[in-house]
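A short worksheet on the structure shown next.
Per-chain numbering from 1; labels A, B, C and D assigned in written order.
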Amino acid sequence: MTPAELKAIISDGLLSFPLTDFTADGDFDPKGYQKRLEWLAPYGASALFAAGGTGELFSLTEAEHADIIKLAVETCKDSVPIIAGVGYSTRIAISMAKAAEKAGAAGILILPHYLTETDQEGVARHVAAICKSVGIGVIVYNRNVCRLSVDHLLRLADECPNLIGFKDGVGEIESMVNVRRRLGDRFSYLGGLPTAELYAEAYKAMGVPVYSSAVFNFIPKTAMQFFNALRSGDSATTTKLLDEFFLPYVAIRNRRQGYAVSIVKAGARLVGRSAGPVRPPLVDCTPEEDKMLKALLDKLGPQ
Amino acid sequence: MTPAELKAIISDGLLSFPLTDFTADGDFDPKGYQKRLEWLAPYGASALFAAGGTGELFSLTEAEHADIIKLAVETCKDSVPIIAGVGYSTRIAISMAKAAEKAGAAGILILPHYLTETDQEGVARHVAAICKSVGIGVIVYNRNVCRLSVDHLLRLADECPNLIGFKDGVGEIESMVNVRRRLGDRFSYLGGLPTAELYAEAYKAMGVPVYSSAVFNFIPKTAMQFFNALRSGDSATTTKLLDEFFLPYVAIRNRRQGYAVSIVKAGARLVGRSAGPVRPPLVDCTPEEDKMLKALLDKLGPQ
Amino acid sequence: MTPAELKAIISDGLLSFPLTDFTADGDFDPKGYQKRLEWLAPYGASALFAAGGTGELFSLTEAEHADIIKLAVETCKDSVPIIAGVGYSTRIAISMAKAAEKAGAAGILILPHYLTETDQEGVARHVAAICKSVGIGVIVYNRNVCRLSVDHLLRLADECPNLIGFKDGVGEIESMVNVRRRLGDRFSYLGGLPTAELYAEAYKAMGVPVYSSAVFNFIPKTAMQFFNALRSGDSATTTKLLDEFFLPYVAIRNRRQGYAVSIVKAGARLVGRSAGPVRPPLVDCTPEEDKMLKALLDKLGPQ
Amino acid sequence: MTPAELKAIISDGLLSFPLTDFTADGDFDPKGYQKRLEWLAPYGASALFAAGGTGELFSLTEAEHADIIKLAVETCKDSVPIIAGVGYSTRIAISMAKAAEKAGAAGILILPHYLTETDQEGVARHVAAICKSVGIGVIVYNRNVCRLSVDHLLRLADECPNLIGFKDGVGEIESMVNVRRRLGDRFSYLGGLPTAELYAEAYKAMGVPVYSSAVFNFIPKTAMQFFNALRSGDSATTTKLLDEFFLPYVAIRNRRQGYAVSIVKAGARLVGRSAGPVRPPLVDCTPEEDKMLKALLDKLGPQ
């Protein structure tokens, strides 16, 4: 798939990132993962991020990452394009990106670099180095230590023709408007905050109508329903879902830092699609929290 | 004016906060201020915040504050309601609020308390004490050390019937959606970030269609044009104004912390409506920056 | 007292800031305050900050401030010099500073300006304007929005001969070492973090052997004992007091933001020297916390 | 080497972390690295951290890391113990730690986990999992997202007998005093801020007399001179070196985020011991900055 084709695909429709399945011992569980993808693929996401943030990229070894991407591409080859999350250091990210390209991934998503302080110039060099290592399309995730100014994005846009997407995980309106207006059609833009549904109306109004849904992992029907209501301007439905599900859901999620992933694994467990425990440094939700989430899910009905 | 009447007024139409006029020595200049209000009143703002943030409340003595509010109310009594900014400590804010009520102000806007660390409980007590000191309507400015959670807002809504407005100067989408959905019609909501026009589309999408415009102080026609385009969904106009004026304007404003006010005084100076220098701890824009701003104003044409 | 004399006094010995007495209704209680000063004066502090942070400057009106300083100077005129905290806006701080000078205060302590964002240049102008308004010595409190770089301090040192003290409330070692080494003997330096005893060994090692003690307000004997042990290098005593009192004390203080003052009022209450309640936006300690503090005080024995 | 032996070694004497040598293309340069260790070993550091922060651990692949540790251990087997930095995710850190143990490293230093938000509980589980994977001694680096409270450290001290060191890279005095007093002799403590010499007097006063020196990489003689002066209480020497070298050095370092490493590579280059360029996301110092650093080095004289 060319970068331009990927750009077209992610400019329309709902995106999601599947959970990564672990066994009780925390090892990667390929069978569970495959079943997960087979279950999710028909629900209509336009692309899936394998080994993204919700897929606990930040816990994976390089070998596990390669296995996951290969399996995702194979499983979904006739249904939905796979975009591979890559991260850690520049060299590890490049190695992951090349392996993903070789395995047939449609593109990559660059998660922030590891640990060290640096400035925008350093971040831009890191991103450029990864872009140049592959021919497939690249999306940069604006988040944490990776925050790119308009000036650096303009330079990267020039320097890296395959950089075709900007996913925002920071949520600063002024910056997002600046990037959106100044970069215009050069990029495709994605909302990338945890529980992106809460941000969806505001992002759509800023010219960012697409986002990636974490709850798609356990309530794919509701996730699509929200997305379609947003797209068609059916605010009665989006408002109802915000009030009845997303706001109380986020209240549980905010009980502990890191729960943005843990609560998705809890949701999968509760709908009979367990992906196993989270890995450290994350911590699983408590039984009490599972119960609170269960009550919310029961109201939504079967998916 | 009853709190309910004030609520109705600020729920519709553009708001603004006039600059406060100082002489070259930094003293309050009542004549200049009166002329300013007479000039601005006919442009169609639905209410004016006297001695708000853009009016450098944070530099005023209590006596100056009383003079300003009195003069504003008298000057605008037949044209537009005046809402008085109040701040500093609880007792100073109460004293300011009572004086404003006595002078005939339609309501007050509570700016954050001074200096000390505290928690939400302490902030809520501070806000409640000010609300209870007057009968007119009160708007709380969510900003800086005054950040109120949904739970504390719900309590304040119960406890303080005259608390009728929530002005957001924080800009966190998740919090704003939470407050907006959970407090519903109990409050009127205002966008209150510096250069609110950049935030206007996103806030409107979150159910906050009203904001206060700082640039109204020097380009009132453009400010009204943007607001009307936003209201009617004319995104061609809002987008054009963002691209041609607001984004480059904000780039100048961001050259120095505190310029959110200084650049408005620069704008007033450049359109022949000087309000004098800013007071410390603010710093006026440089001649070079004035020139940059002048170039932007020339493109907009006469107001 | 000349600025140079003040500088000599605060370069040696323990400093403290008395609580401000409020009645049950929160009004200033001059009789209680006078008794407090009479009680504390003989314990050997080399200067007292009236209406400083622990004295809830951030809650006072200008009129109350004037009363407090006048009363403090009169009460202590034969025992200990009074330094007046000043704050809020530039003009209010100047007004407070002039009143304090007229009342006979030995110097002033500038607390940070109110609310507005600004940069170092703006902060420096604010500080300079206050310094120039009086002839007595001035100490600047490096804290919150008032953080001065070495370059700005060098300029202020040139511009304001009566600026003779730097009190640090930020606690960044690198900055403190920079300021201490680069400004050398031009200033006197004070440790000004809440519960300064925890910082005392580290600050002494950086060339800042003097600090202001908040606990002096209720355990003046222990406060002097710690200070004298620190001065003489008796680390067995400082360590014992840290382990047995200050560390568990700070654990209570950290239960709520703003307790740095509330817990001192609790301490005064528990030793029979109540200064009344704190004002909003602070919140008093709970009975349970009073009990925890009482247990610590009992171990220290009578003062 | 047992954990207890490692603890004894790092409780006394100067520590350092050698740069990692890269070729002009950014590949690991084993010959250069070996020469570097042979050069540095005789200067008297009591242990060397291979692949630590200054060794750009955050840029290494697992394979490179294994090569580096192996080479360091072999090269220094008769001179100085090697402690291996480990990082990224829990599983990668464990894999690195096991390889280091197998290669003969004396211990490991745990750098913070990658990317994800979590709380203290999650961080503690991450640290515990790594400790349990090896038998050699472990030092935890308190820095960035890895900030451990006293309570979690007490639990880890119980749970992980081979956790014997706490290296602080946060620099908050209150926390450091708390940890130092409450954990007592259970751990060895190291100062771990960039340019630790600036912090050395304050940390020594808090009971943390040992630190790791980055400048040891290019001025090992001066680094030892400073350390010995600190140890013997020769403050004339430490003060002189702070004033003449370390403070102006830090002023260069602070010109760009990430220069804490880049300037050490610049220093090595300037003394004829080049370790090659830094890897992205770091950026090398400019020729102008090299010149500024050269002027400082010239004053120190030959090493």
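The rule is simple: a residue touches a chain if its C-beta (ideal position, glycine included) is under 8 Å from a C-beta of that chain, and two chains touch if they have at least 3 such contacts.
Chains and their UniProt names: A, B, C, D = Probable 5-dehydro-4-deoxyglucarate dehydratase.
As the structure is a computational prediction, the values presented were derived from the model and not from experiment.
Chemist: Find the chain most remote from subunit D, comparing centres computed as mean CA coordinates.
Modeler: B
Chemist: Can you give the whole-Å distance between the Cα centres of subunit B and subunit D?
Modeler: Subunit B and subunit D have C-alpha centres separated by 50 Å.
Chemist: Taking each chain's centre as the mean position of its Cα atoms, how many Å separate subunit A from subunit B?
Modeler: Centres of subunit A and subunit B (C-alpha means) sit 38 Å apart.
Chemist: Name the residues of subunit A that each touch 2 or more other chains.
Modeler: none
Chemist: Pairs of chains that touch, anyone?
Modeler: Pairs flagged as touching, ordered by label: A-B, A-D, B-C, C-D.
Chemist: Within the complex, which stretch of subunit C touches subunit B?
Modeler: 53, 56-62, 64, 87-92, 95, 111-119, 121-123, 125-126, 129, 144, 256-258, 260-261, 279-283
Chemist: Give every residue of subunit D touching subunit C within the complex, in rising order.
Modeler: Where subunit D meets subunit C, its residues are 171-174, 177-178, 181-182, 193, 195, 198-199, 201-206, 239, 242-243, 247, 250.
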